[in-house]
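Data block below; observations after.
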Amino acid sequence: MIIYIVVGGLLTASLLSLLFKNRVVGAAASIIAHGLGLIGAVALCLRVASDGDYIPSLFTLVDPLSALTVLIISIVGLAASVYAAPYLDREVSKGIIGPKRFRQYFGLVNLFMACMLLSVTAAHPIAAWIFLEATTLSTAFLISFYDRPSTIEAAWKYLIINSTGLLLGFFGALLFFSATSRSGLDGFVTWQSLLQQAQSIDPGVVKVAFVFVLVGFGTKVGLAPMHAWKPDAYSKSPAPVGALLSGALLPVALVTILKFKVITDTAVGGAFSSHLLMVLGVLSLLIAAFSILTIRNYKRMMGYSSIEHAGLMALGFAFGGLGAFAAILHLIYHSLIKAGLFFTAGNLRLSFHSAKIKNVSGALKVVPVTAGLFMLLFLAATGLPPFGIFMSELYIFGAGLKQYPIVTIVALLAVALVFVGFFRQVSAVLFGDPPEGAQDAKSNKWLLIPPIVLLSLVLVFSFYLPPPLLDLINEAVRRYDL
Amino acid sequence: MQQLPELEVIGSALQDNVRRLFKGSLAIRQIDTGSDNATEQELAALTNAYYDIERFGIHFVPSPRHADMLLVTGPVTRNMAEALKRAYDATPHPKLVVAVGDDAIDGGIYKGSYAVLDGVSQVIPVDYQIAGDPPSPLVIMQSLLAILDGAKKAPKQKGQS
Amino acid sequence: MMSALASPTMLIAAMALFGIGGVGAVLLRKSDRLANYWSSAFALFGSVTALVFAVSMLASGQTFVAQTTSDSFPLLSFALNIDRLAAFFLVTISIVTFFCSLYGIGYIKQYYGRYNIGYLGFLYNLFIVAMLLVVTSSNGIFFLIVWEIMSLASYFLVAYDRHDPENVKAGFLYLVMTHIGTAFILLAFILLYVHTGSFDFTVIQAAMPTVPAHIKDSVFLLALIGFGVKAGIIPLHIWLPAAHPAAPSHVSAIMSGVMIKTGIYMMIRLFLDVLQPAPLWWGIVVLVIAVASCVLGVLYALTEHDIKRLLAYHSIENIGIILLGVGSALVFSALGMSGLAVLALTAALFHTLNHAIFKSLLFLSAGSVIHATGTRNMEKYGGLIKLMPATGLFFLVGSIAISALPPLNGFFSEWLTFQALFQGIAQTDFYIKWLFIGVTAALALTSGLAVACFVKAFGVTFLARPRSQRAEKAHEASAVMIAGMAGLAVLCVAVGVGSSWIIAQLQTIAQGVLSAGDHATLVTVTSGHILSIAEGFATVSAPLLSLLLIAVPLVVWTITRFGINRSQRVTTGRTWDGGTDLTSRMEITSTGFARSIILIFRGLLKPSLQHSVEYEDAASRLIPRSRSVTLSVQDVYRRYLYRPVFIGFIHLSHWIKNGIQNGNINAYILYILVVLLVMLGLVGVW
Amino acid sequence: MSYLLWIIQIMFVPLVAPLGVGLINSLKARIQKRRGASLLQPYRNLWKLFYKDEVISRDASFIFRFAPFIAMGVTIIVGACLPIFTSTLSTPMSDLLAVVYTLALGTFFMALAGMDSGSAFGGSGSSREMTISAIVEASFISSILTVAFLSGTTNIAVMSAGLSPGSGNFLIPIVLAFAAFCIVLLAETSRYPFDNPDTHLELTMIHESMLLEFSGKRLALMEWAAANRLLIFSILAVNLFFPIGIAHDQAVLSVLLGISSTLLKVAIVYIVLAVLESTIAKYRFFRLPDLLLVAFVLNVVAIGLVL
């Protein structure tokens, strides 16, 4: 039931914000709905951790990995809506967007959240696909939010590429079904029933099906070379939308791939999917690393950073064992950190009116707190201790080195290169003399609280994982890593 | 090479005086204050194999700091006056200042020129003079002997101190 | 009493004191003065506590092992292992941090109102804690965490004075280099983990016999690169001369004095302890790198006219000298000569201690000079000894010590290093013997050049007349700063005089590392503190040497002053310069002093000499209005190694980024289809 | 007896050194067909300088004031450590490296004193002196090291006791190392072809230009120290490489033999120096490293041939 309540809350908030002219109503409703969502997610996690899979109805199945994803989505979602209210408010007051947009934002973003939640908790692969496709539609409007030619172009690319990808994904899913129906599975096919029948599926079809699924949903995850929509979409959309795309949508899509992967692995053994994931993972890492080195826009940089982390997670799941454990951890850390990074990037944008690195400098002077947070989040994102990504990367490399030494070393070097490139840009943004017209946007502390909370959360999780969370992760690893 | 017998006589007398006054070691710093090089030639001759003044305990040194005696040549051009004064100040006591050659004594043939100050004594206190234009090495040695004969003991605390 | 002091509570107390200092400084950040006093005072307390703890650990000879495993993360354990080697490094670190903190109280005042002092105090304390943990941790992951915290804290300290873009650049270079180094270390540890199943040093060591040789070799090379970056070996040193000068001077002193030694510590720990037994070529590689570092380090130092960069290059040189000891120890232990290995390692440890002391002293006194003159350019100094006599004296002490001149501490560690090399020549067979001959000659050349370099550094900075207006108005450092420097200067003398005792202590540490036992004693201390190597092959007595070097000049002075010509009068006057108007522009400058050495070694240094002449009028090129000669030496590694690589990466980056992200949506969709087809093709293959 | 020997040992270098300078100067004068000053002239020069006043530059600091005492003291210490006439007087001070670096300490202060007054000559003199002494140090250490390996100790005072002269295996390394040491000697004592000790031309000076600013007692000490230095290197050259005649016990006769043989051998060195200085020209400064490189190679080969 929890899921439905949460989704209901989100949809209500969405309606409220579209119906009421008063901006405050929609924003408050959203925040409340997201807050409820987080409470629900925590409850869900506790429940799954203690009682195992949660199956409230035929349509919904929450296994440990889904529960974790729900938790991540909820945290990021709450943070994003808390951040979005003052952020958009400021943009409205600056005349960048009209007051109507403010309401539209909350209307769409709640829909977006609801779709993600439904997708990740869907018991049925096709349902999962449907809701994922629905996120594409809702976010397309959010990406074209500023209504400028460049943003519309970005949204258009996003829409086309993702639809193409998801179409392939859909085809893949259907192939799975076609393979299973031959082995006598009829009616309402859930993830569980697919898995149960996996042993008897035709291996050849499964392989082809998984390729389609991987390419299709990989587009949504943003694995290279299907990543092309990402830099544009991330840089053109408002900061909180970027946070949601990177921190929430990416895990949802990745989890969907994993659900197919476990079926494939059962049918044809782990090596097949691992190798494919590895290829995409390494490609993502390399392309992201080299692109970041000379990037000129710090929000695009976030996009490439997401690609890099998606690649790392793919590698982790490909390596399996400790790697899978680390990849799930990485998933958590990455969502929290990346959302925080988007928020601070949003603050920078508010102060400097530009996302181009050459227009931004001396941030430490203008917005010291934001700049400091940006620095710390950057360090966290590039895997410096004491932040958790260091541990997860270490584990991923540790898992891969023995069997795939070359892949691991290339990945390690790419990660180091990402650091160099990222640091180069961060250095340029933070130090130096600020340009004319830059002003401090810290007057609203709610612009700073979400990233601070997220950063603290990462720091806590870096050294201490609450037992239920650890149980969930371990259980997820047990299920998804064969 | 046949040497003048008087050279030996003057030399040994000079050596005795150097022993008496300068503990057997007389260091000379030669200062050219705009000379025509005639006197320099003669002074340089002092150290050649013929006169070999070194055997009497007299030697030339590269710095006024090391010197006991300043041998000043030349009429003291305006540009050299300050340098001469500094060289004098740089020389530690006990010290003797000897103006060598007519130019150094009173300007010689350059006397009265706007470019010269007419003699060393215009700039620093001169203890002794050796006349001649230029004085021959032997004359220089004889004069040195006379100078050292005249100086009863080490000329301490002379001039300003 | 001893056991109470040696208990882990003391260590925890020390960490807690640093913690209080750091956090308190942040809380007190509104008041510059309070934040400064608070953080420095607690850093002082913490250093003293850590020092007492480490010294009593050494004295009692016990080993302290503690381990807390993490529930959340398998493999990670917060494991501390304080054996004698770690305790020795604790001593070294806490000595230096003590005096640097003392000095800092005065030095930080110049940042009041310009920067956030609380933030500085926090980073400073964090930096020290991280260093203390680095040398005590015995779990690879825990080590990497504190290692990176140490790097980060020092990075923020390097970039602290951020208004100077040079400092920001230096910080960038530093963090990038150290991060790449960490990547190598990470790989080394992961390799070990893969083959031993643990990150714990003790487990790794126990499992070492099962690790294949090529894995050990890879680990060696990876660790050498990784820790070499931190230690600043050539050619991985490029960050060092940029970063050390950028930090506040008391931090530079710590970075140069002890932080780079953490790299040495890990090399000793891994190569001589954990990864043993090691093949011969490891030692040879280390020796070759050491030779390159010490010779090139001192040559580059000679070319510098930035006083802190000069000192930074000397750190590279001294790291080379320390590595000579480490490398020889590796060679000897590979050849089964455990006695000689102990000797060489003792030399390395002793030089580590000494370099920590005199290099931090030099950085602190350089800091006072910079504080007083506002510039790091030695060409703008001159005559400072009259304006800041105490600083001058301390810099002189440091200069004598680093030039390895008796009777200060630097001489005795270099002496011991020489003895190890001599024994290498005497006792090894043909090929290794030639190696040691070359290495010995390199060390001798290095120490000769170091003397020349410090004549230059001291002479150009403190002697003659001021060459700039700022230098004319220089002032003596404040009392706390002088106290900090004085303590280190006294230590230079004390460690020199007491070297035989200290060497005897260090020998037991070295024996512990190499597990060589007491029978492998090559250094003996006979009565009268006479240090004797290899049964009298070489003997030296530090107290006697010190006594003679102080007494004989004093006797000479007494005799000449009072025995002969008592009525002599000494007057002061102008400097004799041929009667010209001597100005400070005529003095020998830093560049001028080193010019002949630079030209002699031009094959290595590749100097570029530029003449530029401005003429009075273009038609007759007879009378120049101004002439200038610029002698510049660029780091060849920067020019021929790092820059091309970096530019290559940038090109590649543009190519990849613009090639793939070309803005054409058809292309984007094509990528998807190509991937799909390729993968489907692969399905057929698999 | 032992005390007496020690007194002789300590006094030998400072007392005999000026005589050596006198000898060289006198020989050079003879070669130039002059009579030259007496052998004792250097003593007179020193004595005179001790009784002169001093003028010290007002720019100079305490370094300038103390450097002469350190320079002189260092040569006295090292002088007492040498195998002058017997191989039985040894202290821990006689260690090879201690001797080399103690001498370097003297050079260090001398070079600083040269820079201290701010005179252009002093500074360039310091620069040149340090350049040469920096490069020569490796050869200095390694040439003595050859003998050290042959005799099994680095204590130069007793080194000769472990050396059995005339043995065929020893001869080649000893000769090579000696040849190298001779170059070291010329460089370290500022003789031809490295430096002209008699020059009055500031621009060509190396050692002398650091002394231009000194006067009176301090000049005397500096010059005396330079003379001591020459004697120290000469004694090292003859008594380490060719310890013929050196006493291995403390009997009166063998000590006397030791002293006279040392004097004789040193005299030969001085004669060679005088001839050398009268017959060859000073090298260009930047040709000197080549010479030092030769010394270095000789040494490396010499050490390699030992054992």
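Here the chain labels run A, B, C and D in written order, and each chain numbers its own residues starting at 1.
The rule is simple: a residue touches a chain if its C-beta (ideal position, glycine included) is under 8 Å from a C-beta of that chain, and two chains touch if they have at least 3 such contacts.
Values in this document were obtained by computation on a predicted structure and should not be read as measured data.
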Indicate, using Cα centroids, the chain positioned nearest the centre of all protein chains shown.
C
Whole-Å gap between the CA centroids of chain B and chain D
35
Measure off the straight-line distance from the CA centroid of chain B to the CA centroid of chain C, and report it in whole Å.
59
So the centre of each chain is just the mean of its C-alpha atoms; given that, what is the distance between chain A and chain C in Å?
44
Could you please state the distance in Å, as a whole number, between where the Cα atoms of chain A are centred and where those of chain D are centred?
78
Give the residues of chain C that touch two or more other chains, as numbers and ranges in rising order.
569, 571, 573-574, 576, 578
Chain D: positions in contact with at least two other chains
51-55, 202, 212-213, 216
Could you check chain B for residues that touch two or more other chains and list them?
63, 65, 89-90, 92-93
Determine the shape of the graph in which chains are vertices and touching pairs are edges (line, ring, star, complete, other).
other
Report the complete set of touching chain pairs.
A-C, B-C, B-D, C-D
Residues of chain D that touch chain C when the two form their complex
50-63, 66, 69-70, 72-74, 76-77, 91-93, 95-98, 101-102, 104-105, 107-108, 111-112, 115-124, 126-128, 130-131, 133-138, 140-142, 145, 148-149, 152-155, 202, 212-213, 216-217, 220-221, 285-286, 289, 296, 299-300, 303-304, 307
Could you please specify the touching residues of chain C with respect to chain A in the complex?
70-76, 141, 144-146, 148-149, 152, 159, 162, 165, 168, 171-172, 175-176, 179-180, 183, 186-187, 190-191, 193-195, 649-650, 652-654, 656-657, 660-661, 665, 667-669, 671-672, 674-676, 679-680, 682-683, 686
Contacting residues of chain B [partner chain C, same complex]
63-65, 80, 82-84, 86-87, 89-90, 92-93, 161
Contact set on chain C toward chain D in their complex
382-383, 385-386, 392, 396, 400, 403-406, 411, 414-415, 418, 422, 425-426, 433-434, 437-438, 440-442, 444-445, 447-449, 451-452, 454-456, 458-460, 462-465, 528, 530-531, 536-541, 544-545, 548-549, 552-557, 560, 564-565, 568-578, 582, 584, 586-588, 592-597, 599-600
Touch list for chain A against partner chain C, complex:
156-157, 160-161, 164-165, 168, 204, 207-208, 211-212, 214-215, 219, 224-226, 228-229, 231, 272, 275-276, 280, 286-287, 290-291, 293-295, 322, 364, 379, 384-386, 390-391, 394-395, 397-398, 401-402, 408-409, 412-413, 415-417, 419-421, 423-424, 427, 431-432, 463-465, 467, 470
